[in-house]
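One structure, as structure tokens, below. Some questions next.
Chains: A, B, C and D, in written order; residue numbering restarts at 1 for each.
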Amino acid sequence: MENLDLREKELEIDTLGEAKIISPLKLSTVYGDNIANYVKDSDTVLFYHDKNKILDHIKKGKPLIAFEKAGPRQKIYYDPSKTKAGIVTCGGLCPGINNVIRSIVMTLFHRYNVKTIYGFRYGCQGFIPGYGHEPVLLLPEKVRDILGKGGSILSSSRGPQDVGEIVDCLDRMNISILFMIGGDGTLRCSQAIYEEIKKRGLKISVIGIPKTIDNDISYVEKTFGLETAFSIAAEAIKSAYVEASGAPYGIGLVKVMGRMSGFIAANASLALNVVNFVLIPEVPFDLEGPNGFFKTLEKRLRNRGYAVIIVAEGAGQKYLRENIEGEDDSGNPKLGDIGIYLHSEIKNYFKNNTDIYVNLKYIDPSYIIRSVPANAHDAIYCMQLAQNAVHAGMAGKTGMIVGRWKGQFTNAPVKLALSQRKYLSPEDPIWLSVLEATGQPIQMVNE
Amino acid sequence: MENLDLREKELEIDTLGEAKIISPLKLSTVYGDNIANYVKDSDTVLFYHDKNKILDHIKKGKPLIAFEKAGPRQKIYYDPSKTKAGIVTCGGLCPGINNVIRSIVMTLFHRYNVKTIYGFRYGCQGFIPGYGHEPVLLLPEKVRDILGKGGSILSSSRGPQDVGEIVDCLDRMNISILFMIGGDGTLRCSQAIYEEIKKRGLKISVIGIPKTIDNDISYVEKTFGLETAFSIAAEAIKSAYVEASGAPYGIGLVKVMGRMSGFIAANASLALNVVNFVLIPEVPFDLEGPNGFFKTLEKRLRNRGYAVIIVAEGAGQKYLRENIEGEDDSGNPKLGDIGIYLHSEIKNYFKNNTDIYVNLKYIDPSYIIRSVPANAHDAIYCMQLAQNAVHAGMAGKTGMIVGRWKGQFTNAPVKLALSQRKYLSPEDPIWLSVLEATGQPIQMVNE
Amino acid sequence: MENLDLREKELEIDTLGEAKIISPLKLSTVYGDNIANYVKDSDTVLFYHDKNKILDHIKKGKPLIAFEKAGPRQKIYYDPSKTKAGIVTCGGLCPGINNVIRSIVMTLFHRYNVKTIYGFRYGCQGFIPGYGHEPVLLLPEKVRDILGKGGSILSSSRGPQDVGEIVDCLDRMNISILFMIGGDGTLRCSQAIYEEIKKRGLKISVIGIPKTIDNDISYVEKTFGLETAFSIAAEAIKSAYVEASGAPYGIGLVKVMGRMSGFIAANASLALNVVNFVLIPEVPFDLEGPNGFFKTLEKRLRNRGYAVIIVAEGAGQKYLRENIEGEDDSGNPKLGDIGIYLHSEIKNYFKNNTDIYVNLKYIDPSYIIRSVPANAHDAIYCMQLAQNAVHAGMAGKTGMIVGRWKGQFTNAPVKLALSQRKYLSPEDPIWLSVLEATGQPIQMVNE
Amino acid sequence: MENLDLREKELEIDTLGEAKIISPLKLSTVYGDNIANYVKDSDTVLFYHDKNKILDHIKKGKPLIAFEKAGPRQKIYYDPSKTKAGIVTCGGLCPGINNVIRSIVMTLFHRYNVKTIYGFRYGCQGFIPGYGHEPVLLLPEKVRDILGKGGSILSSSRGPQDVGEIVDCLDRMNISILFMIGGDGTLRCSQAIYEEIKKRGLKISVIGIPKTIDNDISYVEKTFGLETAFSIAAEAIKSAYVEASGAPYGIGLVKVMGRMSGFIAANASLALNVVNFVLIPEVPFDLEGPNGFFKTLEKRLRNRGYAVIIVAEGAGQKYLRENIEGEDDSGNPKLGDIGIYLHSEIKNYFKNNTDIYVNLKYIDPSYIIRSVPANAHDAIYCMQLAQNAVHAGMAGKTGMIVGRWKGQFTNAPVKLALSQRKYLSPEDPIWLSVLEATGQPIQMVNE
């Protein structure tokens, strides 16, 4: 992901106009006075962190690519007393959505004195009159106690709605800032809304807060909910370990989410280091053959008597592709079920090729790992994403998402985030940690 | 279950001989001196609790059926310094096994000064030399820190081993007391071992500690691990509720263990009261038809927009029986998968019969609910079962299990516990609570 | 506690009049038809469970004492369409209050079609106009999502209010059934309200649901919240164990609630069996002297290098009494802080009498153990208490509490429950378990 | 913290000599081949992330300050077959110590084939023969199941031991690499050991892994255990909130660790956003006066009826200093107890100055928050710190700590980390988040 040759232009944030109103936040503009500060549009977060790369770029006259730093601006675009905001949550559930909703409401209401905030229900269906989902007024009272709740108090839905109708709704309701919490599809939709608004010459800011439990949004270090998700997935691993080590030739097989990206699987395997094999979409493997997974698993069983395997749902699709076609409601390609496939193929392998009678226990925690409330880590992250989303929206920025890079919060053009999907590179330090922690072969492929 | 016409004889506990040795426990034999007391063999726990039933029995000259009360006896049979004990864990895992193991070891070692305790590994395979599973010496040091671990530190296995070989092993190793932790099959095995020991005239006590996550052992109020299991199942229900209420026409479907008995399903639905339908083996239901489950579910969805369903694995087998035959390794009949069946049939029903597009999320927590460590409630229960098992064993009792009845610990003949399986009666108060809590129809059957 | 010589009369439940209205619950009156049943007023739960004691009573012509069994009656007193109910929560917080509130509301609303249910806020202050706490209408919508919340959504307060004013309020608001959730003081208040209502000839039922985290209500096997409380207390014990064993001569000292009764301390020590000493109000101990606690602790430290101690707040008050006088807001005698006292006295003992430098870590989890939400066990218990409270109230019963005895739900006169406080007897099986689990001396007193 | 003017020299890592042995890890040296890579000594992590600052430095000819990147080197210094390693844990407990121990052992044993790893017990006492704490051989078997355990399996101690004796021990036992897990004092000790080793011309690598629950080590973005600690602290906050909102004029007051730095308090207040006031050492406040804390609290109570306060133990020491003097065993200045002080002073304020009768509930979770096992986040972090510590040690680096900066693992000279203590600056984004989340005044001081 660091090999990109970004042009500076691509990181610029669009705004609706000049921010002329003094922020009600009353922060400092001076560093060193021990008072919290406003952030300037010129504050940045460098894309690279390696000194030699930076010096090399400078020597070659290439620009230093950097994100705009997120945070409260001294001057804002919207007059709080006249501002109405909207929030919508789309796509699959994810830990922390309610934390984001709550902090957007609390920050708008208490810090910026924006008193009218609508929640659109059931995703983008909420904009379309035909569905009959009335928007709900979100007051502090209404969101105070939602921190312990999983899911989204606004409910969600998949699938696109007509962009024109959405903008009609925003215009009709006089919404100034729309906060869209969603994944790849939602961000794509937010880009279309942003463009339609621009075409119509409306003054509506569209701010995305990336939500994907798979952590596969580019230029965002980590999406919210991931930490909670792999914490819960680690519980399933613990069960798999208990089952595997509790029976003769026990195998614990856990399938977790991760359609294209193995972040949950990799992190979970590190969070509870009793996993022997991590199978993810980004690292190809063969099942059969002398270097293949089955043979390696057999060796492990013969040496140690049990094994724990975690597989991301998108792994090993080459073995399933032929039988599957089409897309799901969100337009993602349908996947074959690698968990069920491995469950039966592992059994077959040992039955047909060895004298080992395996005790295979299959665990698919499925929705359990995404419908829990955010843990403490994600709760903080969600709050800070929301606060920065509000700061960006009030400043009149638009067509952007809030993200994080090198531990700093950033404003990034939504278009950039959509330009490619984020994968877990086998050359990332985290995969090295997985190899070191599991001891699995660097590659399980035959020539 | 209360309709049984037990004969007094059936509740008598067999012993290996007269208990002549003074217990090292140094308890009191006097009530009222504020010092913990020994329990007498004549102390009992009545089978019934209703006054009128008792009076009626007395009037009719029928005996009052009662269990022997468990607890430490003033005189014990075995000389602690010469006693060797064995522990084995069989069948499926269950929360609390390690707690039972630990407390047996700690009570034998520290209270009775029995210093030689062997753990047999991988269930009854551990008795059979051919498997090569060496018994492990269980010292306090070895078990001190196992309370937080799920599963069994001794590992387990299913399937019967030759009773003669087992008794050979006990005899050869000079085991005085064998503690068998296991379910229906294991108790059956313990009965056979007990009989073989008797036939050979050996002085070996066999004490069973019933272990079944399904809670289906008769004459035992509740088996250990059940509380933990339904606590964890309730977490899956929470996820199902979040998912169901988070999408248009959302349905959360959770399958939990319970082959013949719906205790986990029923308790879990009460533990997190957001369930609308509880389907268990003991309460028949139709899927189709005007009073059937599908039509009732449809009404719920039209009225409330979402629904949460919990189904025990043994429920609705009449819809699956035809395709399934044979038995599993423990000799239990194989079941069809009602969860997967409902998953697809509910979708079909709504697709073919209604205009509703349901968002069905299926959660099968499977082994997660049984491989966790015991919660605080089960930890106490396991400890007390183990303490009482040790007291019974040291007193030379045999062919029995420790259980609980009306909140008291009991000694019961293993034969009695095997005489029938325990079911959740639709006339038990707990099912009334389920009906009141869910609001589901008392019956979902067509004439 | 079992030595009471209760008169049958004392267990009779008062009613407001004949129950003539057919219950809307549509249950069965026939046992054996596999349909949940109504409970009859003549159904009972025997006080004793020992066969010999029962037979002895009969031989001596003494009546068999038994509680009335709780549950839904076929005929009810109140016409649901005209019934208004009230709920109030008083005294200290306790896990499960919100579960009770929720189930009362849900059962009244959905099962009995009682649509008007008021919550009185801030305890009995809520009845007194001067405080300005408006009653809140409790609809299902309002209570659906409160299961995960600790405390009481109605808030609570201590201290008595004028009984006449309370009854004025009930009369004025036309309340038919008042559910009072509270401890000793609250039940005393409920008795006074009940008597005042009777004096005035009003038709208002008063049903108590005993709430005391100390579990010190007589004739109630276990109060709700206790299980959750000792589960959480066990977490503090785990920390104490980690700290004690993590330092040279480490001592972990945990203080838990239990003013007069050591149930939390005893159960917590069993729930996490790493405790070496349990000090409770019911079992006297000396600190000094050859058999005293300090000397015993010293032996433990010399032998094992660390020790874990749990002390109930009411233990060892003889060492603190002299400096304390007066009562708290609820009229309970003020206690000296045994935790802080032991903290300093243990250090002094080792400093002044030994060469051991102890690392003493003191943990007082205080309100943490009572402000958490109910765990699964208590959630079920609370629900069933609430359901049975509603059944009793709708049947026109009054001046009573719902309780549990021998695992069955009971209706008991509030007066009886107030007749004495419940203590943990050193002759109860649970204390024997504590002695066996900790290995502490049966007595730590000098002659 | 970013205002430092570091000299490049200060970030250089010392080594024992040239690394000539080929690492057994078999990683790649080529980027882009999808195989995990070795890290080069010239790989860096820049100290700053702001583009303008970087460009300004370059313009002024100042060097770009950067940390050496941690990770496996292609050539290592020690011959694995002859290498013995030692591990010691010092100072107070902290979540994750066992994770670090386990990963050091696993990585040395399985990845580098270093088979002899000693654990020194009870901190630096373990090096001194007089204490009689025998070193323990740490094999994978011994550490496999310690992930769920809080504390340190090696136990710990405070207070310095003689550096000469420590080095004598290392020399005598032929230790090649010493891993020291500890805080400020321990790192200071590791520096002294490193210098003594150098003076003696020994070839022993000393690698520190910073451990401080207060997160107050400079040049380390975050110390392990912090995430777990504030997660648990957030539970105490939840209790405080429940208690505060459950009583008339309720106040929940929580004291948490943080002697000099308010990271736990600040993060916990964000993790459960129901806190109204966060008091930390770095942000001075007055109690009395028109802008003071008491007056502000009074306003909150009058407006909202309740308040939740979290205070770090080192906050407000100006009110306590006069009565306290001296240092604790680790040489830290003794602190007065701000929690107990506020507990009584808040009550006094309201009693003496207002008509409000406050219900103040004080919670001091104390050791609970540090003795729990690491959560998933810290588990991963600890593992990666340990892996990188092993890589550094095997490469012959010494006098250093492993840390993290901008999300990357770094090697940093221990001297640098000791040069100053890390504080939470009121100008850090996290404090801004706290202000926004709590709504507390930016300053609570009078002129």
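In this text, a residue touches a chain if its C-beta (ideal position, glycine included) is under 8 Å from a C-beta of that chain, and two chains touch if they have at least 3 such contacts.
In this text, all values refer to a predicted model and were calculated from it rather than measured experimentally.
Colleague: Check every other chain and keep only those touching both chain A and chain D; list them.
Modeller: Touching chain A as well as chain D, we find B, C.
Colleague: Would you identify the chain whose Cα-based centre sits farthest away from the centre of chain B?
Modeller: Checked the centroid distances; the maximum from chain B is D.
Colleague: Any chance you could check whether B-D or C-D wins on number of contacting C-beta pairs?
Modeller: By the number of C-beta pairs in contact, the winner is C-D.
Colleague: Can you work out the whole-Å distance between the CA centroids of chain C and chain D?
Modeller: Here the centre of chain D sits 42 Å away from the centre of chain C.
Colleague: If you look at chain D, which of its residues touch at least two other chains?
Modeller: Where chain D meets two or more other chains at a single residue, that happens at 149.
Colleague: Give every residue of chain A touching chain B within the complex, in rising order.
Modeller: So the residues of chain A in touch with chain B come to 93, 122, 125, 131, 149-152, 155-157, 235-236, 238-240, 242-243, 245-248, 250, 361-368, 371-372.
Colleague: Okay, in this complex, where on chain D does chain B touch?
Modeller: The contact residues of chain D facing chain B are 145, 148-149.
Colleague: Note which residues of chain C are touching chain B in the complex, please.
Modeller: On the chain C side, the touching residues are 3, 26-28, 31-37, 42-46, 49-52, 54-55, 58, 64, 66, 69, 71-72, 102-103, 106-107, 110-111, 144, 147, 221, 227, 230-231, 234, 267-268, 270-274, 283, 375-377, 379-380, 383-384, 387, 406-409, 425-427, 429, 431-433, 435-437, 439, 442-443.
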